[in-house]
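Same chain, two partners: chain A is paired with chain B first, then with chain C.
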Partner chain A sequence: MIDISGLIGTIMNNPVNIPLLYVIYEFLLKIPVLGGIVAFLLDFSILGMPVVRYIIGFVLWKPFFTLIIIPGFATLGTMLLVLPWLERKLVARMQWRVGPREIEPHTRGSIQLLADTLRFLCQEVIIHKDAHKHYFLQFPFLYFIPVLLPLLFINAGAVGHPLVPIETPYALQIMIGLISLMPVFIIGVAWASNNRFSFIGAVREAFMYFAYEIPFIISVLAMIVLYGTSNTAEVVSGVNQSTWLHWGIILNPFAALTFFIATAMATARLPFDIPEADQEVAFGPFVEYTGIVFGLAYIMAYEKAYVLAAIMTMLFFGGGSGPVIPYLGELSYGIWFVVKTLIILLVLVNLRGVYPRYRIDQALSIGWGAMLTLALFALVWSVVIGVII
Partner chain B sequence: MKKVGTPEYDLSDKLKYHVSALSTAAKEMALPLNITTHYPRERKRQPDCFRGYMLFDPERCISCFQCSFVCPANAIWMKDAPSGRYYPTVDYGKCIFCHFCIDSCPGGALKTTKIHDVAYKTMDEMFTSTEEMIEPPEIIREDVGVVDYVIDKEDLSLKRTKEKDALIVDVEPSQGVPMVSVCVDRGSCLACKVCDRICESGAVSSVVEEATMTVKMAIDAEKCTGCGLCVKECSMQILRLVRK
Partner chain C sequence: MENPNEHIDFLESGPLAPLKKWSAKWSLWPCHFITSCCGVELAHAFACGYDGERLGTLNLGISRQSNFIIVEGTITRKMARALQFVYGQMPDPKYVNVIGACGERGGIFWNSYNITHPSDIVPVDFFVPGCPVTPESLLRGVRALQDKIMGVDKKTIEFKKVELPFEEKLEERMVPTSPKIYAPTPEIKVDVKRVVDWDFGKELEHTLRKELKGLFESVTITGKDRIAIRTTPENLIEVARKLKGQMNFDHVKSVNVIQVPHERKFIVEYVTSSYGIEELMTVLVTIYTEIGIKNPKIPSLTSVWESANYSERELHEFFGVWFEGNDWMGRKFVLAPDTPDLPLRKEYKIPEERYVFEKDVEPEFMVPIEPPKDLYTPIWEEFVETAPASDEIVVPIGPHHPGSGHLRVTFRIKGDRIVDALPEPGFVHRSMEKLAENKLYIQNVPLFERLAINDPASMNLAYVRTLENALDVEVPERAKYLRTILSELSRIEAFYYDAGIFSLFFGHTTGFMYCMAIREMIIEPLVHISGSRSGPSFIVPGGLRRDISDDVLGMIDNITFAIHKRAKKFESIFVNNPVTIARAKGVGVLTKEDAIRCGMVGPFLRASGVNYDIRKVAPYDAYDKVDFEVTTGDDGDCLGRFLGRLEEIRESVKIVKQGVDAVRDIKGPILSEDILGEYKEASSDIKGSFFRVFGNLVLPKGEWTTITEAARGTTLFTINSDGESNVPYRVRVISPSWMNLKGFMEAAKGERYADFWAVYGSFGYFPPEADR
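Now for the complex of A and B:
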């Protein structure tokens, strides 16, 4: 038999500390029948290994927990289910409409997205004869690589308690690199579609990429200069962002503003939804997609928005720092992180109800004019503030 | 030539407008002013004079063809009934709901309702025969409330009441402009008595003068409804409709 005790020890000795689980465990043991079942399950062992304990330990193992639950896939999935519905409801309220209502009216149409997903699943995926068949089908799935890989470096923790799957000193650079890779896949999607609207969408996407990329990178660079590190675990810990007075948005609001506008441009939200403009180019690069592949394309914008909002929370809003919720231990940081990210996302998606769409030349002049100036000023500001502190 | 350009704003103006737009959005998000009626479950209260589906009362119809003549969309055709009378039929594919027919009907046989949501499966069904116009169409009422649009100060708001709005209303038939038929050229009268025979209200009478062996026709202005049938039928075309 292979000796895996060392590996198990590594896993079991690095759990997420949630005191509430112990409270629940103690409470369950006191209940007559259920307590016996719980005690039996926890003592149940195969070949001398308590399997259930190991499974619970593996789920609570910090890298696994952060990647799968907070701030990883489970949080992302919940956001994807909730965010489009919230966006439609809130924008409807702004515009004196009602929004989705007819599906499950008692909960204000909250399962609208599930119904949409079911509809996408049942629809036929049509590949028209002019499209490049393989790339047409592969690019939407390949797009998941740059969208999902940044989840590995998102830190939901706070001072002294990082909740990050992989700690590396190059985390921010890797994330920016992956985010910069996304437009390539969108242009690939549009090129494989071989349609005039998707072609226009691809050109517009390329222009938008030129417009926001440089200010976006410079604004992140300003924060790296300010914090002196690009490790996401260190960005929110130590002297950096220890109290709310040291949050990035207080120290360098210019970088925060630039980053936010760049996020709106990168995720093609409404003031800058030039590549996907429904009324002009009919969802641009994704015009030829149907069925579940279109569903993926539709949802990917929200995934991208989640990743960018998470980076914004880490850089400018102190990550998961906040009042400690008793009994939740390290989970309370994760909850604060999710709440902050959700607020940023709501502000981002609700720009749809406030601003009309810019023209492509206006967006380019904003990117290379105001935003670049603001980003460079933020960089200088960071140097000055860094010297003072 | 005057050239209109984009307005010039400085930075403080721009910031002011951005803040104003965002704060308005936040305010509406928190306390929205909703003016949507949830239609199948509640109906907007229409005024009694709403121009909707038309009902027909054959008892009051005098077959004067006014509705058919006045219809600007040529949607009303007169069809002969077994009783020898002519009754209107409406093609709702053509009808523009101007309700000139109702306004022009001298007997008040046509009447408006608040029914505005009638569905047809084919174009042929939209041609509504006289028999179908007597009774209102079958309506499945899902509504439990009525919505009134109230304008208070400057804002529009909704007032919801738990009641069912009566779709069929009793309104007085339109009087229109009171007209009366007069003879403009008595000398040309042939005394063919077509007017006497066609008059529904018995306003035309004839007096035989034995001395001159002539028949004189007379129209009683009190009894005349101004339907204009005699004007149309007069063989010498000497009758005219004039205002009372």
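Now for the complex of A and C:
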């Protein structure tokens, strides 16, 4: 038999501490009619169990809260809706334009992405006759697995207050392993499309994958060496990144730079927009995709970017550390984490307005040459710094 | 089409219909399918200034990802197939807007043999008129479509016949006769002898006679810098070899065929010139020969001058002349499989053009045209078949591709290297040469301007100069300067367009936007001058249509400063960007020898180290009075070609400034008295006398060839006149992009696949200009 009361006890005893909720609760109780309803709801019970309390408790249960709210799905979903819009607005600004606007002029066209997503959703999905029908449809959805699983290990907390769904000493390794899986699915997508451009795109993706993967792993390794742990909960806590002077980017800027370039390569952002170069191979692997399946592929790059930017925040920018906002309690770490991640993402997406595209051989020589050297140097640097500290 | 709404009915069904319609309304993504010259205005509509993205229309992706086609103007028979394909590939619901007059009823090309009506091919939601359309009206078309999706029924304009109150007066006025060949058997002579003051010419004639002893039938001076050599088909190739070997005539500027049906003959002529010797640079030597109309065969001169290759292919299709030795005989190059055979022969008649509709003639507005039935546009079979054996992959690019205009290029790629590139022009072939034979000389002014609407004044000037040379008209001083200013503004415009496309091909949208912003500023004075953004038709034989006021001159002067500031920003973000330099440096190298061999023209020739600029070599208008330098480079790579043109922009700005300063002090007429005749009161504004002055222009008998430096290089017009008709007997246009196509393909070979776009952008290849 499952020990229900024990389980409930575990859940209820490990909430995210947000003082603001109590303030709101007490404020609500003071309002004449509403207060009564709130009190009734909270006391409402079936079979002696206060259901509403349990539901609230479950939502606030740390592992669940972190997975669903911050830094998990809700944050990711918001990012996906906001980030492409922000990208379009900011790049438009750089280009002396205004970007999407007329759809909702008062909020500067902020719901543009909603319209685009709905349109993709309501569009015909074409499977052309040369495609491998099953793989053609399956791969974009299978692609979700390596993109979403790393969310389990992202820590949005700061010193002493980890906000992480699953704490494990191998978190970083697992995340890197999952991220390394992503190109396999892209190549699968391209192969199932059976198109010349997707073929070229797949080959380019494979080449790029090898070029950035090794410097990427070494740069993470350098940080693991520096911190002496690969547990995401510990990476941002303790002495590791307690003040901004101890942030990874200060201690080892070389690893940070390598990681950032690798992120640009992995998410196919300009100037490394090579596998999906639309002027050259017309979105490469995704050339044949229509409707919502293309929408997924389009949005997937942003999800990947989010995961990588989150890792970057944890490793180099002190995770959720920052001035504590009163009443928000542990949530304030989460907010700082989201803000930092968003800034990294904005820098990443706005590269589009600044750089043209490299050629594949130039990108490969950057990957195997400059970046690998930099990554190895970062590793040595970490060892040296580690000894000094 | 049974149910034109079948592709959008889906939106109306189900409880989610309002949501579906709302999302479709705000997310109209036009696919990147540029079909004709209105694509320039499309670029403006989605660049800064107009910013189509405001409406949620994002120009991203190809047919599969988008739901909206903006058909930009003419759909030729070749492009009609592509249009059908693209429409078929798009997921439902999908919409089509057609912009441009020629997309509706053909516009200026209404009686062309090579166009179709988009409405026969795909269901069209909205037509946007204009030639070219303005970005405002294009976006208004998008808005109208958005309203239509939401169910707001907007009727298009209904035309009503209005009785003109001054009809009586109209009859009194002399209405010019409609274009017509008057003589039933016109005498066509290529070498009409003319006495000119040209000492070097006499010397040259003497040398030619000596060198070609026994090979020629006659050597005639047909004008200043023009010599015609008549020879026999047997001796043609020997003459060519001698000219190239001994006399250093190293390239062909034009190949032309003139059909004379009543004498049952073709006149085949090659216009050659030299880049090697400075004195010969201005000289055009025409070698011509006559062959019978039955089984017309002539040795190809491709083995001597490779630059003649594509022109021979083209003329083979137009006239059926068989150039023995050219490997493309019997194939289609420019035309589509279902285009009428041998369309430029005089036997093939197109609907008659009229200048003014007479009272009792029912106008024939729309020529019924059969839409193409089969969808297959073949690629050269040998090219494809042998590829797998040598471990190569065949990749066709265009015409529907985010990185191509209206051109199809088929590659054979080994690894990442382009082994062979097969160009396929003709997607925008609007048959200007045939149309010109059916229009009055003056009607051809706007026609030839449509060669390159991003370089309108240069094209305009090139044609008008040919008429002026033939009529021996001296342009007044003020008009000369104003024409120089217009032409240089147009040059800047064209170069910035090319620079924008170059940055777009590197994925650098910011550079594209900046360039379009600068173009927008140059277009502004053009709008003030003539009212049209990119089709002013402002230059007419003898001068300009009307005078330009000092305010506009001041505006032009100010704009040269404004450009300077923006150009700095463009340079800092794109030109000096390390990635740009890495991508363009040392790529697509065309050596001096290759450039001359391929017959390159304009800045692309100069980038390879040949100092040839018609503005300096044979100055026209006010170019001999302004101070500027010719930019040459030695590298011949993509970066060199790109930077060379940026340098030329600076020189052009210099010319414009000098021109504006000079023209303020020159007062006087802007139309020549030679052409005005008795209508002297029109010397500062042609309004009101246009018909009478230009309606019945007739060129003297003979052949008139003029070369003009347009933005992208030498534009050559050859007009044959029979001396009595008010239409040209034959017009041959060689546009710069057409001459550059050969070198463009040569430069792309051996480079990496991704480098093709660097090469494409660096050549500024503008397909409407090339296809004519």
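The definition used in the following text is that the second predicted complex is superposed on the first by the 386 of 389 C-alpha atoms of A that agree within 3 Å, B and C clash if a C-alpha of one lies under 4 Å from a C-alpha of the other, contacts with A are read in each partner's own complex, and residues count from 1 in each chain.
In this text, contacts are C-beta pairs under 8 Å (C-beta built on N, C-alpha and C of every residue); 3 or more make two chains touch, one makes a residue touch a chain.
Note that the structure is predicted; figures quoted are calculated from it, not measured.
Overlaying the two complexes via chain A brings chain B and chain C into a clash.
When both complexes are overlaid on chain A, the residue A:R88 reaches chain C alone and has no touch with chain B. Contacts of A:N350 after superposition: chain B is touched, whereas chain C is not reached. When the two complexes are superposed, the chain touching more residues of chain A, out of chain B and chain C, is C.
Of the two partner chains placed by superposition, chain B and chain C are both touched by A:R97. With both structures placed on the common chain, the touch criterion links A:E303 to neither chain B nor chain C. Once the two complexes are overlaid on the shared chain, A:F283 sits against chain C while remaining clear of chain B. Using the contact criterion defined above for the overlaid structures, shared-chain residue A:I360 touches chain C, although it does not reach chain B.
Look at A:E330: by the touch rule set out above, it reaches neither chain B nor chain C. Stretch 166-174 is the one of chain C that runs into chain B, the other listed stretches 76-84, 148-156, 166-174 or 418-426 having no clashing C-alpha atoms. In the superposition on chain A, the residues of chain A touched by chain B in one structure and by chain C in the other are 94-98, 101, 353-355. Chain contact summary for the complex, chain A toward chain C: residues 88, 91-92, 94-103, 109, 112, 114-119, 121-126, 196-197, 199-200, 270-271, 273-274, 277-280, 282-283, 286-291, 294, 352-362. Those residues of chain B that touch chain A in the complex are listed here as 21-22, 25, 28-29, 32-36, 38. Residues of chain A touching chain B in their complex: 90, 93-98, 101, 350, 353-355. Against chain A, the residues of chain C that register as touching in their complex are 10-11, 16, 19-20, 22-27, 47-48, 51, 53-56, 58, 60-62, 64-65, 67, 89, 91-93, 393-395, 401-403, 416, 503-511, 513-514, 517, 573-574, 577, 579-580, 582-583, 752-757.
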